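Remarks on the structure that follows.
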């Protein structure tokens, strides 16, 4: 059987996801600025967001919030008068956080300001310089090789000014203060898998959870620029998260055609790891990788001073050919697969909702199951009955320490079978929760 | 080398076992009643048994002892006057615990009272209804299909009356109050592997152990109806077992031609598990399976309130094609294999007898083995000497915590080699027991 | 990258080792006596040795130091007047510790005093009788079969007299009192792999370590007769070793052409085991075997009353065809391989020197690596950078408990990469040692 809560909430379609993708794609996001705010405004139509602004120059742990970046226009005029590398045509043409510049340079002097990828000659790379002042343009290796000698007029009309870093959160309260975190980033300009896949999954997951009746757990969604955003968020909520977080997941690069993948938390055996591992193993294609300290915002959540139970749900964490180039666009996205990613995240939440430890009320000898209508009164040879099997595992191993997931793993049964058996046993008065 | 105690006690022959089988086979056992008592009377010729009677209606943990069932006669008279499904011909024809009934029914009205197995059309199934009042007959699917329309006269001359549930125990005391339990059941009517194999092995194992000189351990044998019998026994002795049991085994379905099999206890690493695992692994064909909470009386001994170190010795625990049908008869029995099962159980007991933890008297540097005549005084290249090897393992690892079996496992040596080395070292004053 | 300390010390050549081999080979070593002292005198030219003499008859733990053995001459004169089995021709011809004898014996009476190996008909075996008085001669099976009938004149001009057992140590002090032990033996007469390989590796390892600037650890080298020598040494220093030893290695049989091999200590997971395992796994050919209680002096160091972290570095611990025969001679030695053995032992020491546990100074969120010049300020797609990777592992896992080796193992990176990253992080003020 499958997660019974799937039927209790509306399920988004691939088209819903694609429509939201198309609206978010053109915005020129960066670490700070209006592109981030406009992205949050659109997401806010699905998810009630509380925006947080952290002023430029603020000290956060070992970091300092950089100035806010304003981009007005940027392009190059070639010797023949053609306008090239116009950021209005492609957000990736300008190095992120380029300082202002205006001037005429020879082909030779322009060279150190150009970025391309010899190994991917048709791709425009994505390059940033948040913490060191420079300017630069990104272009395909093919175009670079074709640039003729002569003088080029460069226009970089930008500004680095005191402003703020923008992040947003949404908390869905439950009966318990125990929390599940979903964190994703909103700082990359036009990239598809490595930017929009995470916020899309988070937004529609939020919609499903908001519709789930009788939520036991509290859910926290964070949308923030990568790295510095997570660090700012931890500076504000780290102590709270440390005492309330049951499980957390970074959502990133989850929109292409690779199999769903769990990167475990630094702890490796947290509720976040156990729940995702159990559910992924029921999918024919999946990957489970151990924690390593590069990647996305799990680097911050799992820094040793916090060591939060935060894993990563992804398909290809920074390891696909189109990564950080103009090739990471809508053509590599699989919107049906994005719905499957929402399904996985939703199933994880429902598993965590139902996963508790119980103690049996009859511990000496088996309970007399026929009396509770949990087993037939006719003693006879019969087919393997998975529901009776699940009940027996549950009653034998509910010692107050093992939770349902631990029992399901030991029994090699799907969690949902054991959870259903638990409902029957609770109704019969044979199990009582210990927490 | 093999268990040296094998030569110190008489060994039964396959013919001995077959003769006892033939006497026990015809008795119409059920959960209660004279069939059980007569079975115990015959077993009592080999094993001095103390019979225990628990009155009908007694509350035991979550259960209640059912009434005693008396069967006088039961059959059906077909429309053509032939007597069919006579329980005098085959004990399995009547559903166990059928309530009394006498009357004439049409073929159609008879239908819901008939039990057969479409997948095994020549087999008569074994069906019981201990805890819900009904009556019924069991027959082959072939015969069922051939029953003509017409009226059938049904005679079920039974009685459900206040009486008692019958179990029996035999305790062989040793020097120590530490106990080894063997538990088997005596409640199935004419079935071979799934009834008589267990009591046969238990009875002859008892005979060997009674003949073993200087027994260190105490042995407890229990013969009881399955499930409710074990529950009753636990209600009487559970606390005692909890504080005295070193190891226990349920003996069941151990008489057919499948390989000897250990189903581990719920604990998984108890002395019962370790001893049987070590000895089975020295047999070319064997199976070792982890605990699961269906099966035989280990379900009760391993219920979480007791969690006793009780494993199962079997060949095919409820998983062979003839299980719970008339096909489970003498033709599937292997009496030589039953002797091998007694050998295994006896070897387990002898291993447990000898398995103790020791502390060396020389712990700093090796003992000077030549002085104790434990090693040659001639230093020379020689063939691997397993006895010196066992002595060295033993002396190096006898730290007061590791027992002989743990050392044998670490050394990858047969237990008997290590036990023999221990005898030599004890005689030399190099080892002293810590318990 | 490789051990950076390799370049800081002189490296011996295979010829250096071979020259020392040729000087040590002819000496007639035994458990005691002048052969041992002359061996130590030659080793003392490379290694400043402190000689220790333990008087004959001393009680050490369960042992007693045997008398000192003096060998003047020993041979047999055959019926035809030829002198045979002259110990002046081959040290192995006389059974070690033979008592004095002079007399004429028939071929038949001579027989029980002869030792040969039918399975290796051309080899002279190595035989000793340290603790029981006898005399004997060793010869090839071929020669034995050719001995004609007649009378043989036997001359065994030896003496067993009060003297002493000779061992030697050399301690190279470091900043810390934590010690690394290297122990090898000097009691076998003319054998190559099973005698000289260990002292040769120890002597040149000592030379390298003596040249290593800023040694943190203390190094202790022990040259002693096998078994009784280690027992005597433990009786003198065991308590000191117990409180100071970080890691120790017995060096034995490490000179032939088999792959370098670690035999783990009894503990199995000590620093000695971990360091050698990590480095051996980077070699394409190697073997790692678990502890077993026969072998060389690890039997004493790992006796349960000491249980020191002493492993064995070897190639073929007592398991090669030429073992304990005249075939264990220079022809089976690989002097280049001996240099590789010194390399391994030296690398182990350098690893232990650098292997410490650290605590990060920034534990909440990642440190801002660009500020410390540990990461580029340009955010761009780039090739995997193993140095940044090592820094990230190190900073994430330096929680004050995990040492560099543990982090290298978890990261699946060579220790040297992690150690280099640690240097950079210490310089940047991001890591401080906890011990």
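Order as written gives the chain letters A, B and C; numbering starts at 1 within each chain.
Methods note: contacts are C-beta pairs under 8 Å (C-beta built on N, C-alpha and C of every residue); 3 or more make two chains touch, one makes a residue touch a chain.
Computed from a predicted structure; not experimentally measured.
Engineer: Please report how far chain A has to rotate so that its Cα atoms sit on those of chain C, a copy of the same sequence, as a value between 0 and 180° in steps of 5.
Structural biologist: Best-fit rotation on C-alpha atoms: 120 degrees.
Engineer: Please decide if copies chain B and chain C contact each other with the same set of residue positions, more than half shared, or with different positions, and reply same or different.
Structural biologist: different
Engineer: Please tell me the distance, in whole Å, between the geometric centres of chain B and chain C computed from their C-alpha atoms.
Structural biologist: Going by mean C-alpha positions, chain B sits 55 Å from chain C.
Engineer: So which bits of chain C are touching at least two other chains?
Structural biologist: In chain C, no residue touches two or more other chains.
Engineer: Which stretch or stretches of chain B touch chain C in the complex?
Structural biologist: 360, 362-368, 370-371, 377-381, 388-389, 392-393, 395-399, 411
Engineer: What does chain B use to touch chain A in their complex?
Structural biologist: So the residues of chain B touching chain A come out as 60-64, 96, 115, 117, 125-132, 134, 227, 230-231, 234-235, 238, 266, 292-294, 299-300, 302-306, 323-325.
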